[in-house]
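What follows is chain A paired twice: with chain B in the first complex and chain C in the second.
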Partner chain A sequence: MLGYLLRRPAFFVPTAFIVVTAVFMLIRLIPGDTVDLMVQDNGYAESADALRERLGLNDPIYVQYVKWLGDMATGDLGTSLHTERTATQELKARGPVSLQLGLMSLTISLLIAIPVGIISAAKQGSLVDYGMRSFAIGMLAIPNFWFGTMVIVIPSVLWNVSLAGKWVPLFDDPVGNMKLMIFPAIIGGAAASASVMRMTRTMVLEVNRQDYIRTARAKGLASSTVVWRHTLKNALPPVVTLVGLQVPVIISGSVIMEQVFSLPGMGRFLLDNISQRDYPMVQAMTLLFVFVVLTVNLVVDLLYPVLDPRISLGN
Partner chain B sequence: MSKDNYWLRSQMSRRKLVTRGGALGSGAAALMLVGCGGGDDDEDDSGDSNGGGATSSVTPQAVLIGGAGKVINGEEKYLGKTPTPGGTLRMSYQVDPITWDPHQTTSIHTHLRTSMFNSPLLSYGFGPKKGVADVEASANLATGWEQVDPTTVKFTLDPKAVWTSKAPLNGRALKSSDIKFTLERILKLPSPFAGLYTIIDKIETPDDQTVTMKLKQPYAPLFNYLSHYYSQIVAPEVVEKFGDLKTLESAQSLGIGPFELDSWQPSTQMTFKKRANYWREGGPYVDSVNIRNIPDANAVLAAARAGEIDVAAVTWENKDSVTSARKDYIVMQSLSCVAWLVTMRADQGVTKDIRVRQALSLGIDREGWLKSLYNGEGTIDNGPIQALWDTWRVPPGQLGEGDKYLRFAPEEGKKLLEAAGAGNINANFTFTTGYGAAVAEHPELLKDMYSQMGVNLNVNNMEYGAFVGAVMNSKPTYESMSYAGVRFMGDPDEMLWDMYHPTGSKNFAKVNDPEVTALLEKQRQELDTNKRKEVVKDLQKMLAVKLYYLYTPSFSQLDGWQAWTADYRNHVSYDTGGYLRGVWLDQSLKS
Partner chain C sequence: MTEASTQSVPVLGDTSVRISVGRVRRMRRTAFRFVRNQPLGALGLFIVAAIVAVAVFAPLIATHGMNETSLGDRLVGPSAQHYFGTDNLGRDQFSRIVYGTRTTLQVALGAVIIGMTIALTVGMVSGYFGGWFDIIVQRIVDAWMAFPTLILLLSLVAVLGAGLAQIIGVLSLLIGVGGIRVIRATTLGYRKATFIEAAHVIGASPTRILVRHLAPNLFGPLMVLTTLGLSSAILAEASLSFLGFGVPPPAASWGRMLSGSSSLYLYKAPWLAIFPGLAITVVVFGVNMLGDALRDELDPRMRGSR
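== the complex of A and B ==
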């Protein structure tokens, strides 16, 4: 286990390197650069060229790349070409918003998916099962940006109430913060819960057909005991894997949710910076997202032996 | 003309498309958002009504709203009342300023905010008594000016003008050296606005209250340019202290305008407070202005319906959803300040031939355009001087030979194309979705119209950033046709020079026409306004024949504010502080 713990993060480096290198190159391949947008339609050639020179954008791409790698090695994530704020400053300001939204969405998705998946499996073929599966398919089918828009539009039309309020930090005003965050979290969580719920149901059904479950029931164990002690333990590893895979989905969903609900998070910031071709900011945000996804996958890996002692990470 | 074309499709689609777009959360921010004309279903789909010339082309409606605007919902009950100070004006914006330095970007998102605490040397008139497009230069930091000779102008600063009481300015008086510093900064920086001021040869400051500008040649647009947002005056101490003006701290240290920047939470909100030592009479009346960052258009409307914000523009599509919730919500209609146009190269390719450009103009069914998209409201032509500026513009019907090319006459156009050896043109036509839903149908409508003339447009929708690089900044690789929105807010010279002079920054067509250039230079040097207007009018008549750009019809847009937002009136100049200075909150109307 310890060896695994030491070895696994080492794989972060090449993965992160490949992803951010791809992002570094790809964003520069998009037509138009940040200077075009800075001077927009009043692009006096002399000024634009001077600006491009000052920002180092006239350097060959490999020079820019090597310089950027050098900065990264010293922990400098870069500085915005537009605002001259550092990526670290932006991450500090916006990271907690996205983190909170992501955690809330993930929690809500699990609170919905696991119980509903179990109940649906337990009541296989019943109206409850059909209803819950329909819910899951509905959540998969409805785009969450539409859902979010409806949550804002309908109350405002019916009751003149706006649910997209002014964001406040969690620790400054917990109630005000939760009032605003709860709706995007529920929408994001509900959307993410659908596939987890379906996987939970499938796995529970599969495990329920195993001999040891039949044996457990034959021994006279209470149904709840069978589920908690035997079914879930065996059904959960693939579900946990899927939960890990949902994290990128939640991150990408947060881009939309932050836009619709006016949340000052990283997803919206990333979108703005792609539009503005603010290369250092896009690279820094991407690197962070890569780090989050890799970390979640590591946590998922570490959970396997906890859920199923037959799995040994050491081997 | 066959009805089996754009008529039926566009009549059905536009309103529904935009409405659906809104309902489906089309909140993408466009850098040049405009409202749209139209409204109810079109009553007339006769495609045959468009070939009869252009003499009836300016509708009474268009003349009525012009630059003054017209209230079409609610009533301005506060008019004539004595302003009551106090309260917080609540507004929204979609995009954060990318920098706080007004001289280093052309982004309106910067200028809309920095104009709250900065101010230009001269200014325009604002408020309900003025039009949204009133761009007559008047006193501001300078009480007036004297044209000493054709190339020398002397400005006298207002002795009452003082900076913010915050450090490092500490409430000191405005000095002539501040003006000199600012203009020289614009010229020395890599500022996108430098080109407007290179005509200044020397700035002298004989005393603290006097600024004398020596020009290289007479320059009529100077006063309007000095009134505009790009000439916001800044103080040398602040630039020296912070190195530049990009940071929040530098913005918080500035203030010659009516407000001060109190706080900014990126992507959340910003608050401006009334300056305690503001020096001009007549406001500001509100204690503070809170501007929330709401990127999604539906969320803005929800906030307006809930009464959480005091000012929110509406569109024809969503106007009713706000006014049904708030019957007294004031909605004002005015012509759009944006000119939408087809650009093409005048120096190469088939469009170098004037007959091809004239044929392409004859292929646009302008009246049909207005009927199908905008309920027949607007004007059939909108450039080079937009319909909004009716005192400078030559309207259709008075363009002489140019009127001929505003007709819809595809058969005639076809003959011209054949005569030019350019039958069956197959052109790439670049457009950007970044302009928003308001004009999303224009390219397809144009494609349909041109298809009747044997011209095929391959419409290529680009992301805004890519479009700016490929088209707006006139990269050498740009060779085919495109559809763009441009606007000027300061002086007719801005649009004419930029788009038609060989050195113009928006000369997408690469126009280099000695006749046009001569008139462009003449209007710049003509200091008598009436005579200058005549030159500008001659120029418009010439351009209506040469057709380096094809302007599509003008349509109207809407603005909106709550019944209690007294004396509010938007202005095309982006001088937010200027036009919010006179706004007050009429609490008696809040019930």
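== the complex of A and C ==
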């Protein structure tokens, strides 16, 4: 067990290393004329050369790289060209909004996906199964930004009700906050639920074909006992891995939901920074999002042997 | 004309007629079986064919010009003159959606063709030869997969700038890198197959083995990847355009029709929100249905994996 816990992060390190290097390259890919535009349109420095100096692009590339790694290691994620605020300050202000939205979306997607997947498998081939699968395929086809826009526009046109409003923090006004967050979370969650639902259905069907399920039924166990004690225990671990893979999907969805519902989170901040060509912030936000994904997947992998003891840890 | 050549013509003609009759009959049988086994897939195929037809014949179908403004007819609701209403500049929404199929297909097909080339080349080489190239490719794919799709697209477009070529390039990477895994896994499965070993034994070069013996066997997964890639490219292009980083004007893009200046008028003119989104949904639904059906028919191992 200990060996596994030590070895698993060993895969994390090279991936994280490539990710950090890729994000480092990002700002070095900016075409020269874009630097001129940054000076002209945004007044980030006196001249293009002064801006390059400010971005640290004038040093030899290996010096830049070592410096960047050192900054990352000490938690200095960069400073905004536009507001001169540090990425850490922005993270403190906006991180909680995105975290709340992401967690709510993930919870809702699982609350939809897992029961629906199980019911769909239990009633395979029935009208319920068919309807729920069509729902999943439909959810995969509907663009979330359109869904969000319609959810705002239609009540407003028909009943003059506005679902988007001025932002209030969770701890200042929980009810007002939930009113703003629940719809983006439901839309983001429903969109992400489709693939988990299909995976759950497939896994339950797969497990139900196994001999031990037939044995359990043959020895006269109640149907509910078979489902809870035998089927789900075997069918859910692979689904947990998929939940880890859903995190990037939820993040992508949240960026769009923050934009559609005007929520002051990190995704919307990223979009604003792209429009303002505030590249150090684009870099910092990208790196943060990727590290969330990497960390969640590491945790999922470490949890996996707990959920499924058949995974051998010795070798 | 010599005697020989006049004689050979009817013979050749006969053969080709016989072959084409056989082929048509076989194709008709395959098509019939596909419709019977996969009614939703057939519906998907129909939708995809219809969209391609709309894109090709756009100027004949559109009732107005793509960017033709008529200031007297601003924000007019759906009517016999403007099927889907008009926007704040008096542009006909129906015609813009019709022309939008061209943008959508251009981006999606371009991205899929380049992406599949990347996936096929890198995936086959990585899976067949293994070694350090394989290890490096796998680590890069791992790192790539850690980026949330939209964040990756946005960062790349932010740096490279928004333009048709950039969008196609970025989306082709998205589709290509995702496909490398599948192609590599399938290649690994075939590496020890008897026919590959036989080709090796008779002295075929590695290039010949990959191109002539392995590639034809990857047709199934490639078709499935292509349809999945098409639908994700269409959705990604629409999302990027919606966020203001997609294909720039004057091209008509479905995603951008929902954002920018027209988004200020959505409350006054809800039809501006309804139709472009509906167009995206129908197309993606059709492509997904076709993809699911192809997966069931061509590659049973991938069934239910998405």
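Throughout what follows, the second predicted complex is superposed on the first by the 248 of 315 C-alpha atoms of A that agree within 3 Å, B and C clash if a C-alpha of one lies under 4 Å from a C-alpha of the other, contacts with A are read in each partner's own complex, and residues count from 1 in each chain.
Note that in this section a residue touches a chain if its C-beta (ideal position, glycine included) is under 8 Å from a C-beta of that chain, and two chains touch if they have at least 3 such contacts.
Please read all numbers here as calculations on a predicted model, not as lab measurements.
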>> With both complexes superposed on chain A, which partner does A:262 reach: first (chain B), second (chain C), both or neither?
In response: first
> Is A:167 contacted by the first partner chain B, the second partner chain C, both or neither?
Replying inline: first
>> After the superposition on A, what does A:270 contact: first (chain B), second (chain C), both or neither?
In response: second
> Does chain B (first) or chain C (second) touch A:181, or do both, or does neither?
Replying inline: neither
>> For A:30, using the defined touch cut-off, is the partner it touches chain B, chain C, both, or neither? Pick first, second, both or neither.
In response: both
> First (chain B), second (chain C), both or neither: which does A:54 touch?
Replying inline: first
>> Taking the superposition on A as described, I'd like to know which of chain B and chain C A:87 touches: first, second, both or neither.
In response: neither
> With the two structures laid over each other on chain A, which partner does A:251 touch: chain B (first), chain C (second), both, or neither?
Replying inline: second
> Just chain B (first), just chain C (second), both, or neither: which does A:104 touch?
Replying inline: neither
> Can you pull the chain A residues that chain B and chain C both touch?
Replying inline: 30-31, 145-146, 149, 153, 156-157, 259, 275, 277
>> So in the complex, the part of chain C that touches chain A is made up of which residues?
In response: 139-140, 142-143, 145-152, 154-155, 157-161, 231, 235, 238-239, 242-245, 255, 258, 263, 266-267, 270, 273-274, 276-277, 280-282, 284-285, 288-289, 292, 303-306
>> Residue numbers of chain A touching chain B in their complex, please.
In response: 30-33, 36-44, 46-48, 50-51, 54, 82-84, 90, 93-94, 145-146, 148-149, 152-153, 155-157, 160-167, 259-265, 268-269, 272, 275-277
>> Looking at the complex, which residues from chain B come into contact with chain A?
In response: 23-25, 27, 29, 31, 95-96, 98-99, 104-107, 189-195, 246-247, 265-269, 292-296, 298-299, 301-303, 305-308, 321, 325, 462-470, 472-474, 486, 498, 505-506
> Touching chain C in the complex: which residues of chain A?
Replying inline: 14-15, 18-19, 22-23, 26-27, 29-31, 34, 137-138, 140-147, 149-150, 153-154, 156-157, 195, 198-199, 201-202, 247-249, 251-252, 255-256, 259, 270-271, 274-275, 277, 279, 282-283, 285-286, 289-290, 293-294, 297
